[in-house]
Each structure stands twice: as C-alpha cells, then as structure tokens.
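We call the chains A, B and C, going by the order they appear; numbering starts again at 1 in every chain.
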C-alpha cells in the first residue's frame, strides 16, 4: 500500500519533469535556431519567393510589376526554353561543370599527395597554393585580362621564346579553355586543402600494415588513399558542381556585359543579368533566376541520390560509418 | 614496437623517406616550385606591375620593373580613398564573420544534437540555400533593404551576407558537432549541466577548429564580395575594396601602373590574414570531410 | 530537401515580411531643403564641373543643400532603375536615360512634366534640343549637351596613307581602309567589349539605308519590318569582310585605358573610330600627355549607294536631367534652370569638350573637329536618337549583341533583325 503510493508519487513527479523537459527542450531549440531562421527566411527565402513571383510578369523594372507590368503566366518560361542563347549558356555551364571536375580532381589529388609528404617549407607552400583562392574575382579578372590581351604579357613572353600568341579571351575557339584554366587556377587551392584534410583523416595503421606486406608508394596510394578519399572527393565534387552552375563574377569581369555569349563563355547567370537587368526585362530576368535555381536543385538532388548518399544520408547529415568501415576492410583484405 | 615502425608513423601516407636525406625527394621540391610559380605568378605580376611606370608596361608587358618606382604605392597609401575602403571592408568582413559563425553555431547545435521532428527539414532548408546564388535575388533583396532603410549602408551588405553565408557554414559545422562524443554530453548532464550549459561550456570550445575554418572562409568571401556591395552601395565613402578597385581602375584607366598598385594593396590584407590563420583551415575541414 | 516545406515556410515569411515602408521626407520644418542629384561623371573635369555648379547654386540659395552622387556610367542605369522603385528614397534630380526608357518612366510615374516650370531663357536657348526630352508635347527634362555621332580620325595617319579627302561614300571608306592597311596602319578602332560601339556601325548603315518612315515605324514598337534593315546588315557584313578593325577588337573596351578603342586613336595606333561627340573629351583624357588630340578630324557617316536615308542627317543623343515626383519641385526646377543658363552651359561645354545644348553657349566651342561637326549639324534635319536608345534596352541589347556575334562570325547578317524583333516581342 505504502509502496504503491510511493510509486504513484514518483510517477507523477517523473511525468511532470518529462513535460517540463519537453517544454524546456522546445524553448532551447527556438532560442538557438530562431535568429538564424529569421535571417535566412528574411534575406534569402523571401527575395527568392519574390523573384519567383516577378517571373510571371512582363515587367520593365519601372514602377511595380502589378501596376506597370502585365501578368503573363508562364510565357517567360516558354521564351527561356526556346531561346538558343539560353540553351548554349546551359551547355557552357555543363562544360564548366565537367571541365572543372576532370581538370581539378587529378591535379588536386596529386598536389595534396605532394604536400602531404614530409618536406621543408611545407607550411609556406600550403599557404602559397591558396593565394589564388584568397584573391578576389575582381582582382583575378583585372590581372588576367591585362595579361591575356592580344598585346599583353602572355603573348609577349610567348613571342620572346619564339611562339605565336593567340587571342586568349576573344577567340571563340579558345575562350572556353582560357576560362577553364582560370577557374582551375582560382579554385584548385580549395580542392587541395579539402583533399589534404581528407588524407589526414585516413588512419596511419592501414599504411603500416600494407608496407609490412611490401607495397610501394604508388600502390599504397592506389589501394588505400584513393578509395578512402572517396567521401572527400564526393563532397568536393558537390561543391564544385554547384559553384560551376552558378559561375558569374569571373566571366562578368573578364568578358563584360555583352560579349560572353559571342566568345562562347556565357553562363546561365550572365545570361540572366544581360537579359534581365541590362535589358531591363526584370520579369524575364526573375524567371531565369528561378530556372537556375531549379536546375541547380535537380542536379544537386540527383547527385545526392546516386552518388552522395553513399556517404551522407538525407541532406548531408549522417556519418558514413558503414560504407567507410566496409571499404577499409575491403582494402585491408586486398592488400 | 620497433623504432623503424614508430619512425614510419610520423611520415604520412606511405612515403618512404630515406633516413640519409632529411630534405626528402628533390623531385617533390621541383614540382612544388613549379606549382607555386603557377599559383602566385599572376599575383606577383600584379604586385610588380605596381612598381613600374606606364611606359614600361606598354613597351614591354612582360618585363621586370626597371628602375623600381614606389611612387604608385606611395600614392595609394597616402590616398584617403584606400584607407576608407579598407576600414569599410574590415568592418563588413568582421561583422559578417561574427554573425555567420554565431548564428550557425547555434542552429547547427540544434540540428546536430537535438532529437526533434523538424531537425532534418531545417537542415534541408538551409542546404537548399546553397543552390541559390545571391545574384539571382538581387532586385527583390535591394527593394527589401530599401524598405528597411538599409540601402546604401554597410548593414545592408552585412545582413544579407550573413544570411547567404549560413548554408555553407551550417553544412560544415553540423557534421563537426556530431562528432562530439555522446558520452561527453552525458557526463556533462551528470555534473548537472543543462543542454545549454553543455553548449556553452563544452561545444563552443570543442568546435573551435570548425569555427576557425568557416570563419576564415566567410571572412575571405566577404572581403572579396563584389555583386552585393555593387548593388547596395552608391556612396563612394561606403565602398568596400573590390568596388574601390573597380572604381579606381575606371577612373585611372590610362594609368595601368597605379591600378596595379591599388589592386595589390587591396589584396594584401586578405593575404596576411589568411597566412596567419591558414593552419587552422585544414584542421577544421578534417572534421567536416571525415563525416 | 523537400521543396514543399521550403515553399510553405517561404510563403509564411513572405506574409510576415510585408513590412511597412519607411521613407524620409526631403523638406524639414525649418525650410531647409536637400536635393539628391545623380550624374555619371566620376572623373576629371566633368566631376569637378558638377561640384562647382552645385556649390555656386547653394551659395545663391542658402536653404538648399545638394547631395551629389556620381555613379559609374555602366552601372548607372541599373542603379537608377532600382532606386526609382521607391519614391521616398529616389534621387530628386537625375540624368535621364532617354528614349524608350524615359517613356517607360513617364508611364510608371517616376519622372514629372516640367513644361510650365522651364524659364523663358531656357526655352528660347534650348529650342534645338528640348525636342529630345519632349513626349506628347510635354517636356520631361532639361538638356545639357548634344552629341551627334560620326567618324573621328587622325589627319596625320590619313595623310601618311595618302588619303587626301575624308570619305563621303561607303565605297570611298573602303578605299581608305585599303590604303591604310597598305600603309600598315590599323584602319578602324572598335570597342567590341562594350557591344554598343560595334552596333553603332549597324545603326548608321541602317540610318543611311532606311527612310525616315522606316525609322519611325520601328520606334513605334512595330519591329524592324522593312527590307532596308536586312540590307544594312549585309552592308556591315561586307564591310567586316575587309577586316577593317583592330586586332582583338572583341575584348577591346570603348573608353578604358590606352588599350581601349579611343586609346588606340588617341595614341595614333588606329586611324579612325565611329563615336558620339563626347569623343574629343575622351581622347583628351587618354592621350599620352593629357592634351587634346591636335590632328583630330571629323567626317559624318558616309552615304550608301541607293540608300533611302538623308545623307546629311545625323544620329546622336541629347543628355538631359529630370525630376522625380517626390522631389521638392520648386528647388529642383530652380536648379535645372540654373544649369541651363548660358554661362553655366559654356562651362559645361569646356569641361566636357563637347557641344552644349544651349544654342547661345556654342560660341565657346573651339575644337576644330567639333567646329566641323557644327557645320554638319546646321545642314542636318532633326537629329535622330541612337537606335538602341530609341528602341529601349531590350531591343537595344539584342541588337548590340547580335551585331557583335555577326562580326565575330557567330551569326548571319539576317540574325540581327530576327534578334531585335524577338526581343521586341519578349519585352
């Protein structure tokens, strides 16, 4: 009798704390997340929603879309997809996506391997390799356009060693390559640092075990480093793809407002600015913005579904403990 | 444990070092030097260009300064414009960084350590922000800030930058915070620490490497940001350095050497900042990519 | 990433964020008035001119302060357009965009009718230029300068190549190009990076090729229908085949630095350039010694065989300043009328090395090339506005880019007209 009374009291108390805990948890969650949510919803999501709304209007940017524009439904979207200039911009974006991956991944891995060796001055080299990433697009654009002009430094050097220069920026046959090389130059530092970080999280014991079995340097990299670098590579690729789809500053500064499509380096974002802001078709420009968003989202989701989810569950959240362990043991067996 | 094994433990990833040569492989140095030359060549070109005269640049675009002139740099250093823009860039950079880091750390903690229904939704929401470049929303953003009375103010640049900086930072910080062992949290709870107490006393210090990484990335991003200030700021006394570089190069378009000097001066602070903190970047990313 | 959730969240925020606008009024209770004034002269004498003019005006009107904002020309349109969205913080007096854009602004109520507030003097002296700022018989701006276009050339280089007379027809121009090339001189400088300098070649050719009726039909939004528009494109294609332009013209900017097209002419690295009458001022800034180019000559755009356009007619622009509806109108108009005074217009002409809008102020034009232009201005019927300004920015941008495309060999001549008509339909 006494005992049951006691239990009841305890249970009551416990349920009270549970409720209190729950309430408290909710409060903590709100206190910690509301400021960020407000900022994000206010300054990112809200403008995006407005852009989507403007996208249904034919609007020149004078006055407001509702009074000075005309509601035209999805007409802007129809125009976008029937515009050959837009399609070629999309094509350029995908060339940049693929080009960046193909050029940067091997270079970054090699450089990271190199910088992961014990050598004098490693810290300095690591700093210097990051320099292009730290320097702003405006400066990179200004500096490189000066050097790449037909009368610029690059051609002068080539002439000195007896080679024929070229119109690096304006020749449509070369311009895209120039852009790809500039992108590689600008962003390789970031890739290298990521790869380095990935390599340093590979357990040293694996290498030791393999070495005991007499594996050579390249064999070690091939059978241990590369497979275990998988998650890092896939995350880097994800960031690189998103960046490539949204490329804007570099192209805009070097090729200006108009001629990127002539030179064959236009991207969806430069198309948006030229057809929207520069042409004062604000409604149309907003619709292009929405299309860029949707394309990025579709690419990202596809990538996540087929490639990234090996490492990360859902939206990049959970740890890939399973797959990682598996690959580690597989590698160990192989070696 | 033999000494050979423990020796091998130090050098990473299977590079077999010959004990006779403490310097390592000469090929490695050669490739490294080549790599450095490619990376910093253009930057050095800009800096050296600032020491030349326009005639030197026109006559031989690829030459060395001869003689070395420091009047271009002195002119930049003694101009009010440069210092005003430098201060603006520093203010915007620091406040953006602090804002992004503080807000992201709080919300990442919630996403990583609280078990609740909307945690995943919240994460997806922020992650979706990555897909949307600021360029796209610039017109509505401008109108919004104008309505808030923030157009042509530094706050009008800082607030959107904080908001657009959240996705990247949260994506790096959440996996980082998840790696903090559950046991630590339980231990803290036994000591009578509340969840918030745990956050303040344990999570913040433990997440410093991740915070440093994201903070540096944000600062550099803000330092280099061009589009948003271009649209938000019209008063030259509020310009940040990238705008200043643009304006300077169109105002002094004939004077290439001065433009190069101004350009070099505007990148040097970011380079110094980065050099000081670069060691921390790798540390923070290690946590993030391991996840 | 669930789109539905994002969308739902976004919508709720959108409702939340319908914040009340908070704007400031310009007129304070003590009678002090602040005028916000936007122009695009960020450098040199032009910038100084506005600063001095504002200071002198403030001296005469103690209650007025003028807050100047000088905005880089290439950013000007975008910034002005966004700023005018919100009448409370729009500039009070600003350089207008002209043509179709001004029409759009009138429609959106962002610029006001100033017909009855223009001083009698200004009305009389600006007779030849006020028309450019007049829409439906109402005046919407105060002109400050007039910039007819044409070909600017180096007399020395022409002499060197053995060209004695400036070309009058396209045929003669082609001969001049051949002679210059034979003398190893780059015939024509072209700032292709900015697109419009290239498009000006097309505008002029169609101006010579098409009748005035075709032009007014195009301006009324009906598109480029007549056959002459395609003929002009063919003409340009044929001209381009002779490789008249400087190397790498596609990435050459119009006015920035010694490597720009104007810089090439100023440094005698190219013999001629097609430009507006702001050219002498620009060349002066870009010449090695900062002095006006001593051997600068001018000839109007050559006529074409069988063209229906008046060979004497000129195309160009008139720069004028407008007032926004939220401005303190009395003070703003006093400022505009002050700008138009002959003395100040003379100062303007000197500072920019160009034509003042005020007829009475034209006496100060001393530059020989500009004086030649003046001769032609007298012969010309009413000046036609640049075609891109006339058609508005969407058709203008489409024309500009498609011309560059064609020159670079990326499109056919007929694509120019198609692109313009598509853009007119799009906008």
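Odds and ends about this structure:
Keep this in mind: a contact is a pair of C-beta atoms (placed from the backbone, for glycine too) under 8 Å apart; a residue touches a chain by one contact, two chains touch by 3 or more.
Model, not experiment: these values are computed from the prediction.
By C-beta pair count, the most extensively touching chains are A-B. Of all the chains, the one whose CA centre sits at the greatest distance from that of chain A is C.
Here the spacing of chain A and chain C, counted between their Cα centres, is 40 Å. Rounded to whole angstrom units, the spacing between the C-alpha centres of chain A and chain B is 15.
Counting partner chains per residue, chain A has residues 42, 45-46, 48, 50, 61, 151, 277, 297, 300, 315 touching two or more of them.
Residues of chain B in contact with two or more other chains: 124-125, 127-128, 139, 143-144, 246, 249, 256.
Residue positions 1, 3, 6, 9, 17, 78, 82, 85 of chain C are each in touch with at least two other chains. Residues 25, 28-29, 32-33, 35-37, 39-40, 42-48, 50-51, 54, 61, 111, 113-120, 123, 125-140, 142-144, 146-147, 151-157, 160, 185, 188-189, 193-194, 196-202, 204, 207-208, 210-211, 215, 217, 220-221, 224-225, 231-232, 235, 242, 246, 248-249, 253, 269, 272-273, 277, 282, 285-286, 289, 292-293, 296-297, 300, 312, 314-320 of chain A touch chain B in their complex. The part of chain A that touches chain C in the complex is made up of residues 41-42, 45-46, 48-50, 58, 60-64, 67-68, 79, 145, 149-151, 167, 169-170, 172, 255-259, 261-263, 274-275, 277-281, 284, 297, 300-301, 315.
On the chain B side of its complex with chain A, the touching residues are 5, 8-17, 23-25, 28-29, 31-32, 35-36, 38-40, 42-43, 45-46, 49, 60-62, 99, 103-104, 106-107, 109-111, 114, 116, 120, 122-133, 135-141, 143-144, 159-160, 162-164, 166, 170-171, 174-175, 178-179, 195-196, 199, 220, 223-227, 241-242, 245-246, 249, 256, 259-260, 263, 266-267, 270-271, 274-275, 278-279, 281-283, 285-286, 288-291. Residues 1, 3, 6, 9-11, 13-14, 17, 74, 77-78, 81-82, 84-85, 101, 104-105, 107-110, 192-195, 247-251, 253, 259, 392-394, 396-398, 400-401, 404-405, 408, 410, 423, 426-427 of chain C touch chain A in their complex.
Of all residues in chain B, those touching chain C in their complex are 54, 58, 121, 124-125, 127-128, 139, 142-144, 146-149, 151, 230-231, 234-236, 246-247, 249-251, 253-254, 256.
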